[in-house]
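Letters A, B, C and D mark the chains as written, and numbering starts fresh at 1 in each.
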Amino acid sequence: MGSKIDVRAEFPILNQSINGKPLVYLDSAASTQRPNTVLAAMDRFSKTSNANVHRGVHTLSQRATDEFEAARVTVQKFVGADDPAEIIWTKGCTESLNLVAASWGGANLQSGDEILLTNMEHHANIVPWQLIAEKAGAVVRPIPISDDCVVDLQAFRKMVNNRTKVVGIKHVCNATGVVNPVCEMAEIAKSVGAIVVADGAQALAHVPVNVKEFGVDFYAMSSHKVYGPMGVGALYGRRELLEAMPPFMGGGDMIRSVSFGKTTFNEIPNKFEPGTPNVSGVIGFAAALDWYQSVGKEEIWAYENELAQALRNALDQMPGVRTIGKCENQAPVVSFVMDDAHPHDVGTILDSHGVAIRTGHHCCMPLMERLGIPGTSRASFAVYNTNQEINVLIEALKNVVDIFSKC
Amino acid sequence: MGSKIDVRAEFPILNQSINGKPLVYLDSAASTQRPNTVLAAMDRFSKTSNANVHRGVHTLSQRATDEFEAARVTVQKFVGADDPAEIIWTKGCTESLNLVAASWGGANLQSGDEILLTNMEHHANIVPWQLIAEKAGAVVRPIPISDDCVVDLQAFRKMVNNRTKVVGIKHVCNATGVVNPVCEMAEIAKSVGAIVVADGAQALAHVPVNVKEFGVDFYAMSSHKVYGPMGVGALYGRRELLEAMPPFMGGGDMIRSVSFGKTTFNEIPNKFEPGTPNVSGVIGFAAALDWYQSVGKEEIWAYENELAQALRNALDQMPGVRTIGKCENQAPVVSFVMDDAHPHDVGTILDSHGVAIRTGHHCCMPLMERLGIPGTSRASFAVYNTNQEINVLIEALKNVVDIFSKC
Amino acid sequence: MLSELYQEVILDHGKKPRNFGELASATHQAEGYNTLCGDRVIVQVEMDGETVRNIQFVGAGCAICMASTSMMTSFVKGKSINEIECVFEVFHSAVTGGEADMEPLGDLEALVGVKQYPNRIKCATLGWHALSSAFKSPILEEK
Amino acid sequence: MLSELYQEVILDHGKKPRNFGELASATHQAEGYNTLCGDRVIVQVEMDGETVRNIQFVGAGCAICMASTSMMTSFVKGKSINEIECVFEVFHSAVTGGEADMEPLGDLEALVGVKQYPNRIKCATLGWHALSSAFKSPILEEK
């Protein structure tokens, strides 16, 4: 290995035994672990500054509000947005995507309109569109992909037309690590005036993100996929679009005035943030981005990509094992299937070796159907993984082969 | 004071100075502080068991899932529901109420239907109904209240009719501490077949809650109002209703199967919980309820009600001060207005004495309009407050009077 | 521990499930589906009054699910609904770690190792649940 | 510190706001509303070309908001839009804690104590913001 980063000491959870073996956590695409810095930032907040935001005239509330809004600027800068008001706090990527579908879709989709989503989308970027499409009479269509899980740009170019109103793109595929050509796709979408909704859940931790350069209209994120806490995420939305959209939910802090006769709504971002937000979560999210940048994004990517590539190479040597998905600069997610063992059994056997991977359809049933497999076994990497862990995984996989070759 | 509870040492945040004075935190109705036990429960989870739930075959994920579902049972028992599947995790009371309005309301409201909400409702139980009423052509009407902020049951009885489909009741009023007769109101609502949606945000920490005895169909809660973390809450819903309702949001874990052709949904509670939930938040919420019950609910109520009553008595002695809202067994929220000082100025002056209160409309604009006031100053109590703090508050209010009598 | 779960008899049934394929003479059928891992089996039964005259299944899933369903089909053939439901109760209790008299389980006892793997219990009971609901789901003849 | 915020001149303007009430001759008007605390003022101006000939306001709010709006109305009368916007810039900078030459502020300097109270700054600037937007909001005559 060329690169070397050692941050394991900052992740106390990794220092434990599972079934008598050291934990090898290779499920970061499901949820990353959080470094002490992030836990400490939330703890400090809870012990010094916890209060509801925006509404209070007292010092704690002002402090909480200041930290809360500073966190918004952290996310704004991280994704290269122009304006902190373009960052809406949500409980995660799923809510972010539902917000866009319900609010923008509810206000703009008409009967006969087309919503194009890549065939590899996560359910979170399919089901919300199906729900609103059914109400509006719009149609949801898959954008074809290759056997390697790469979008067929030519087919996509042919599909777009003046009925195309939305294009949904998973920036990085959680099931395969494939990185989609979001710039090119956005350009094609723009050529017919469609909005582009990118799902950035897996991207933040592994590839460069710049919403302006990408030319996307919306970009959805989850804190827990990038070393932050669960229960918080964000939606980037272009100001012009957010301003024109109706609210998603109603409640306190999102209104200008309420009466039984007439209610008028607040400006962005407040219009989309009714109720008490997850203040300590937001602070943890920002602390996670700061931590990640302080370790060094490029350095992390180089390191974890080397690990993933080493695993892919090792799997290619194993008879009866096939990796799923392939592209240049693939993100550090390694999905594979084994001839004789079902993913669920692979998962159980690996767990007995202390190795945590995820198995199944990864909330991408249409992708699994397209590839003709019931699911995969997936090892996904983060900065805290090591080369040694790959060896443990490979040994454990040999045990799988042994067991299933018994008969 | 008869009762005596001393838990202050468990709340590190209270042990600080604000503007050179010891912090007197009287803004618990906006958000309670969290005891060490709750912070420790979340920290322990993050450092030992953090993983995504439901989807993993590995040990950490199983542990996280077990704790997550155990927390659901804690909430279920706390509110007296029959079945853990009737408890849906949300990000807070506001989302809970939006879920009911959008999902139940979206599926059931028709043109001409009536939604009756008390005139004291929080915006979180008004705006979601206005949004869906506008789509459905239904009408939202206020249930009259007295000058003391007490629901006019007689008027309510006359208002209900066979067009009444929803009755919204704030169980405990955040602006005045008034406790609504939720049982009687539910009975009246049931007599015309309307569903009852109770907003329990302020109730959990201060009054008995039993959804079965109340006869309510939905009950909305926020963790951060009852010693738990922000960013998590719950909705109780009657099984029969939840089962018949369409999903609120779409995404992972809430579906049985997804394809571009057809998607079928999971059972409750999963149908309403797409995406990665706030697992550590849920664990903190349950830890908070456990802590609260271990200190003793009845003991806490007796204690904090004495404090509130002592403050009301003291304010009644002060010329130019008027308390707002009055009922038997009022919750420990004390709202007042002063002849010469605007609430916003009261808040600033109190803050300079280290006293944190909330001022303004408390997200109850229709109530403020009904009472003919722009807002109030509100001191709200929790178990960690003391008699001594009331003295500090009263002294600070005397300073307000001094300042504003200067000219 | 792992060797208790993946015993040879289980691996064998998993790889070569018995009574696999459509049952043309079926009078009852039901599907069992585990959303989380994607295991799916359709159990088809030919009833003779209260007795299972014949049974087959189709579907796909993990070794535990396929083996358990395969062993179940062999086990129940010729037995009455009552007998079957009694055994299912014992089996369910055994695989969920409850007290159970292993006696009536016969070969099925091999599956009891699953109790140490809470997230695999559903795999071992899916076929049984499908069978239970098949009893209540007669195939309606098309007219 | 508190005494810097609640100076007598402020308390006096807060209690007895000058130029309060509707302005029948108004040519321009705009509303300022602070969602969070409920302060609301409507500023009405009678313009003579680029000059404020007369100004009045209505509304309700906290002492800081009422005092600031009252003092602002006294201050701007007879001044040109340009002069006013320059002073607003200085005032804004002073109350938000920036560098500022207090000279041009005159009486308004009394309000600078607000800079120590970040959550009250909006109260002190609300009337000014309303005035700024009033300049761009002529009252359209009804036909």
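Operating definition for what follows: a residue touches a chain if its C-beta (ideal position, glycine included) is under 8 Å from a C-beta of that chain, and two chains touch if they have at least 3 such contacts.
As the structure is a computational prediction, the values presented were derived from the model and not from experiment.
Counting C-beta pairs in contact, the pair that comes out ahead of the other among A-D and B-D is B-D.
Computed centre separation for the pair chain A/chain B is 31 angstrom, with centres defined by C-alpha atoms.
Annotation: 79 Å between the Cα-based centres of chain C and chain D.
In terms of their C-alpha centroids, the spacing between chain A and chain D amounts to 47 Å. Separating the CA-averaged centres of chain B and chain D is a span of 38 Å.
Counting partner chains per residue, chain A has residues 19, 55-57, 61, 255, 257, 344, 348, 359-360 touching two or more of them.
Across the assembly, chain D contributes residues 36-37, 119-120 that each touch 2 or more other chains. The set of touching chain pairs reads A-B, A-C, A-D, B-C, B-D, using the touch definition from the header. Those residues of chain B that touch chain A in the shared complex are 12-13, 16, 18-19, 23, 25, 27, 30-31, 33-34, 39, 43, 46-52, 55-61, 91-95, 97-98, 101-102, 117, 119, 122-124, 126-131, 140-142, 222, 224, 229-232, 246-247, 249-255, 257-260, 263, 274-281, 344, 347-348, 350-351, 355-360, 363, 365-366, 369. Those residues of chain B whose C-beta lies close enough to touch chain C in the complex are 54-57, 61-62, 65-66, 255-257, 266, 270.
Contacts from chain D toward chain A in the complex involve residues 33, 35-37, 118-120. Chain B contributes residues 19, 340-345, 348-349, 352, 359-361, 374-375, 403-404, 406-407 to its touches with chain D in the complex.
Across the interface of their complex, chain A is touched by residues 1-2, 5-6, 8, 11-12, 15, 36-39, 60-65, 117, 119-120, 123 of chain C.
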